[in-house]
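Have a look at the structure below, then the notes.
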Amino acid sequence: MSNAVEQIIANYAGESPGVIGNLRRLLNTGTLAGTGKLVILPVDQGFEHGPARSFAPNPAGYDPEYHVKLALEAGTNAYAAPLGFIEAVAHKYAGRVPFILKVNNSDSLGGPDEPCSALTSGVQDALRLGCTAIGYTIYPGSGLRNEQYSAIRELIAEARDVGLPTVLWSYPRGAGISKNGETALDVVAYAAHIACQLGAHIVKVKPPTDFIEQKEAQKPYAEIPKATLAERIQHVVQSCFNGKRIVIFSGGAAKGTDEVLEELRQIAKGGGNGSIMGRNAFQRSQADGSKLLKDAMQIFKSA
Amino acid sequence: MSNAVEQIIANYAGESPGVIGNLRRLLNTGTLAGTGKLVILPVDQGFEHGPARSFAPNPAGYDPEYHVKLALEAGTNAYAAPLGFIEAVAHKYAGRVPFILKVNNSDSLGGPDEPCSALTSGVQDALRLGCTAIGYTIYPGSGLRNEQYSAIRELIAEARDVGLPTVLWSYPRGAGISKNGETALDVVAYAAHIACQLGAHIVKVKPPTDFIEQKEAQKPYAEIPKATLAERIQHVVQSCFNGKRIVIFSGGAAKGTDEVLEELRQIAKGGGNGSIMGRNAFQRSQADGSKLLKDAMQIFKSA
Amino acid sequence: MSNAVEQIIANYAGESPGVIGNLRRLLNTGTLAGTGKLVILPVDQGFEHGPARSFAPNPAGYDPEYHVKLALEAGTNAYAAPLGFIEAVAHKYAGRVPFILKVNNSDSLGGPDEPCSALTSGVQDALRLGCTAIGYTIYPGSGLRNEQYSAIRELIAEARDVGLPTVLWSYPRGAGISKNGETALDVVAYAAHIACQLGAHIVKVKPPTDFIEQKEAQKPYAEIPKATLAERIQHVVQSCFNGKRIVIFSGGAAKGTDEVLEELRQIAKGGGNGSIMGRNAFQRSQADGSKLLKDAMQIFKSA
Amino acid sequence: MSNAVEQIIANYAGESPGVIGNLRRLLNTGTLAGTGKLVILPVDQGFEHGPARSFAPNPAGYDPEYHVKLALEAGTNAYAAPLGFIEAVAHKYAGRVPFILKVNNSDSLGGPDEPCSALTSGVQDALRLGCTAIGYTIYPGSGLRNEQYSAIRELIAEARDVGLPTVLWSYPRGAGISKNGETALDVVAYAAHIACQLGAHIVKVKPPTDFIEQKEAQKPYAEIPKATLAERIQHVVQSCFNGKRIVIFSGGAAKGTDEVLEELRQIAKGGGNGSIMGRNAFQRSQADGSKLLKDAMQIFKSA
Amino acid sequence: MSNAVEQIIANYAGESPGVIGNLRRLLNTGTLAGTGKLVILPVDQGFEHGPARSFAPNPAGYDPEYHVKLALEAGTNAYAAPLGFIEAVAHKYAGRVPFILKVNNSDSLGGPDEPCSALTSGVQDALRLGCTAIGYTIYPGSGLRNEQYSAIRELIAEARDVGLPTVLWSYPRGAGISKNGETALDVVAYAAHIACQLGAHIVKVKPPTDFIEQKEAQKPYAEIPKATLAERIQHVVQSCFNGKRIVIFSGGAAKGTDEVLEELRQIAKGGGNGSIMGRNAFQRSQADGSKLLKDAMQIFKSA
């Protein structure tokens, strides 16, 4: 039994043993097992940006098995993907690496006027495929905010009933938010807080910049340390119920290795629970991608 | 058995013993137990205004446990919060202080064109978490009024079926209401009356100013005493079925202690059933916030 | 057994005994029991116009019990009100005076762009509260007409299943209808007919003026006697399936006693089934309001 | 408003206004309106004993309309019968006399080995037919006791949900109860108590003899006054939650008028809430049956 | 916050906050609040043995309000009763003393061949009436054992979903168990263990004698200390998951005060969590019954 894990689990004391058990499974798998830290490999970019934009840099990635093998080989805590990618590999890999079924997805071909992903799978699929959790994206700031908050409320309840925790991708986006505002510190911290208030077990946001978007927020943020990414991460962690909810950070667009690793060091230093790293892993060669994931885990392990 | 409480309860004679029992529980808890008065600590500002704007003035408040401990230590009748904040503390505090689950919430990042909060939790959550009541916000004046009135109708019915009373936050807002009009006496009294007509067990409105918004209302209000806040509170109480429904008042934005206490004295003098005080309590230091809550309760106790 | 009542009941031969029984109950209660005539006290103005505009002229009316006592003391056939007002008195008065639960309501603070009341209670509430019928407002002429006609269709069906008849308030209103047109003879008769076609058991409209709104209607109305209110009432009665559906008339805004009584005499003379009189009754003193209701009933009794 | 009725109603404070309203309707109808006493005409003997055994003594009774007219003409509080008899008259009489739909029935042609009536109608029928209450027979002592208690539990809940109270016929019968035991004081009081514990709003039992059936009950009953029927009635009333539940008594097989009236005097003297009198009424001529019902009501009126 | 209570609560860590909250409420009410001990007043004997056998010794007990007042005045942790007794007092006492709704009951007039109580109320009733827990009787040893175990399985699940814990009365009875065997140490310990295995939150059994019923159990029980009641209680506590489930003991038939108090001292000494005392309390005069309950609580308080 890991103290680090059980300290985290204690923050979810009201949950049923089924949900708790799956949280433990996520936290006790792979290289970071028992550390209370998580590195997750997500591969929903094929759906979100199209296959070629996602997999042409490393064509092995067209094959769904490539990713789950990468996750397994690198020793990540979990592998997250949309329905089709999970279905393609679940029979062979269920029980070997925890799956997170991403139950809604957006594409870049068009859609509603306001940001809102489509429901593409559900809790029953997650059970059928042997998944350990479900994942869902909300867009705080969207004109369709109400629909998304209501939908995730029902999904979390449904998932809980069958012992599955929920990972919430919280991406601020909408008419009232500027492009820079989407990663502004005030907005990211707010989006993370909303996800926690909605009942997410694990929250995923982008690493925030030191930009402050909302006029009303200028005053409090004048006092909040935000010069380094670590400081900003620390504020996001604080905004997640003072660290009582697991919060992990995405890396965003592919970038240089040094840049990625430095970002991870800052996330670790700021007290983030880990990283969810997609394109930076699977758009590199198998060897490089795996190495990067392993290096990422070493960073969190030594944190 | 408190006469003050039983006189209030008698106004709810048609309700089931389950609803009655939970109303008694609210009225018989904490420092004001048995007085027929209520002071409630609500903490939904993290959701409504963002975490830093809410908790930076007193960073202890990022931690959900801070608030429920404050409520318990200060001796309030109840603690009201959104799903996430309640979930984070329910296992440890259920049965020790009554929870009011705020089942809809808005945020400041964006949303529908007309004022309308998102449904973020429900009656089944309230039972699961051991809550004593649910809370809901309506925006009379909103172009989405009909959707909100219909939604609360169903929620009240669902909550009643399982013995839970409903607290209705009634905040006039919309294209036809000026900024000053949102706290105008005629509009606040009207909003309180609508909440009662919708079946609310407890109504929460803002303290009204002496402004009169609606042209058609000028004439009757020429005769209604409204110079002091106490007089205006009295008219709101009258508008709540002549005092047969519990009505409590929020304090709004944080302000000076003297100002807060004077407002509470006027509310008490005007016959208001109590106060729901959030930012003024949790944005002060623990000692000051607790003292303010206790002073507030003393005012209602001596009323 | 009253012949007058049974002649009316015969027009509803296809209805279930439950609906018939409650129609009989409405027609066999109070001073007008057995006459086939109805005087109903409706108090939804607090919701529709705000509490002060409704109750300041006679502040006793802020108390929901005032109205049901007035109805009982004056001997009206029924008392109609929104959910909150009925809930506040139902335990004490159910079974003593028939309640009509007004299941939709509008307010004057704002709302959808087109006239459309909000659903504020339902058939299950009517049963729970011991009501004898439900009431609903449609706005023929509204851009949201279709939503309202569909909603009332479902409500009438649901109410019928449990033995409750439906009273339909039919108020023409919308972009294509002038202010004068709302009470024009052609428009009122048309609105009454639509209510009958929608399956209303009792129709409520405003007393029509001799104005003709619709160009296409000028020709037929040239031949229809309409000089006196009695003649116009007769035409509305005729438009209600030649008198085979019960139609009652509202008095509208409060006015002088002589004016009210003369209007009632004309309604009675024209064959109207009765009157639904709110503000004219409860905005007077208790003695005067009760006397007016009793005088109204005498007019219909002698008709 | 009758004090006698409202004192009874106060014992049902936890019920919804719908149930309360229908209890009021039963208690405020007919000759005994407002006295807190009830005389009910039940005609289920055609089903229970066959038509000729029931109606040959007064062949007018083969016609279902005969009975409801008798109830109406005599001024009873209600008319109770199985589905078919109610359906045959409901359209004409709904709203004129309260119906109690007897939703289970037994016949004398055969059936299960243990006493257990068949469910022959339901709550939805009661609403459709405009009934004021449902009635149900349990046989405490039956080997099928558990099935009956569970069934009535669900029916009472279903009826309550739509505002209908339940009358429970409680007839001890079964392998462990002797023929004399079925009307023994201990057994009748026990059966009445069970009906109250099951949630009956009105209990109907047979007038008890001074026989004591159960060995274990001999000792307490040695001290309980039981020489006169009035004393025994008083004990049954006491066993019905010390008089807080309405209990009425059947007359059983047809007998001499003097005998019937004396029994009623004793029931009234002992504090019974009334009588349910079938064969003694409808097996006499119309004039005699009506007179007997009226004499019965006089006895309770003067009590 | 009471350490004694929280140590007990920790054994139910997997339960939802709703169930936990109601367990806390039971453990934090009345004289024994915060001690981890429970004294409960149960009054189902009217149903189980008939009204006179139950209430003739102290006729005030025919009135359901007598018992809830006794529970409140004496300061017990809870009041347990069948549906009717709870319904009769719930509107007035809900929220003032925790109710345990006994959802199945047996009577002494007859029933199925094998011991099996009838379902007489349910979880929805418990919510409607504002109860804190449900209670249920199983008869291990009954030929209808399977039906009972399945039924309680479903009830516990249904109750848990709405936040209600379950108290299980476990009374060994059946063809294979001798009269003495019903209270034999091996059998009582076994019955208590079965109740725990079925998921009971609180177990109620009779104090065991030193008789050993089952041949196969003679050998292990030769080694188990059982000379004193305290030793036997200790073994039952041990059989309840080594003290990780709450177990309370009934007193059985009324007896002398000294005898009752000595039994309670032994229960307390053996580590029992408390006592459920019915006839010994309500069959005495109000003063004596209340004193006995208070003396009982003093014994557990000093334990």
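A, B, C, D and E label the chains in the order they appear, each numbered from 1.
Here, a contact is a pair of C-beta atoms (placed from the backbone, for glycine too) under 8 Å apart; a residue touches a chain by one contact, two chains touch by 3 or more.
Treat the numbers as computed from the prediction; the structure is a model and nothing was measured.
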- Message: Show me the overlap between the contact partners of chain A and those of chain C.
- Response: B
- Message: Since chain B and chain C are copies of the same chain sequence, what is the angle of the rotation superposing the Cα atoms of one on the other, rounded to the nearest 5°?
- Response: 70
- Determine, using the mean of C-alpha atoms as each chain's centre, which chain is farthest from chain B. D
- Query: What chain is the most remote from chain A, judged by the mean position of CA atoms in each chain?
  - Reply: D
- Query: So what's the Cα centroid distance for chain A and chain B, whole Å?
  - Reply: 36
- Query: Taking each chain's centre as the mean of its CA atoms, how far is chain C from chain E in angstrom?
  - Reply: 57
- Item | Centroid distance [mean C-alpha coordinates] between chain E and chain A, Å | 49
- Note on the structure: chain A and chain D have mean C-alpha positions lying a whole-number Å distance apart equal to 67
- Which chain A residues sit where two or more other chains touch them? 13-14
- Message: How are the chains arranged in terms of who touches whom: line, ring, star, complete or other?
- Response: other
- Item | Residue numbers on chain B that touch chain A, as the complex places them | 46-47, 49-53, 56-57, 59, 62-65, 82-85, 87-88, 90-92, 105, 107-113, 116-122, 124-125, 129
- Item | Of chain B, residues touching chain C in the complex | 11, 13-14, 140-143, 145-146, 148-150, 153, 157, 172, 174-177, 186-187, 189-191, 193-194, 196-200, 214, 216-217, 220-221, 223-224, 235, 238-239, 241-242, 244-245
- Task: State the interface residues of chain D toward chain C in the complex, per the touch definition above.
- Result: 1, 16-25, 28, 87, 90-91, 94-96, 124, 127-131, 161-163
- Complex contact set, residues of chain D against chain B: 13-14, 16-17
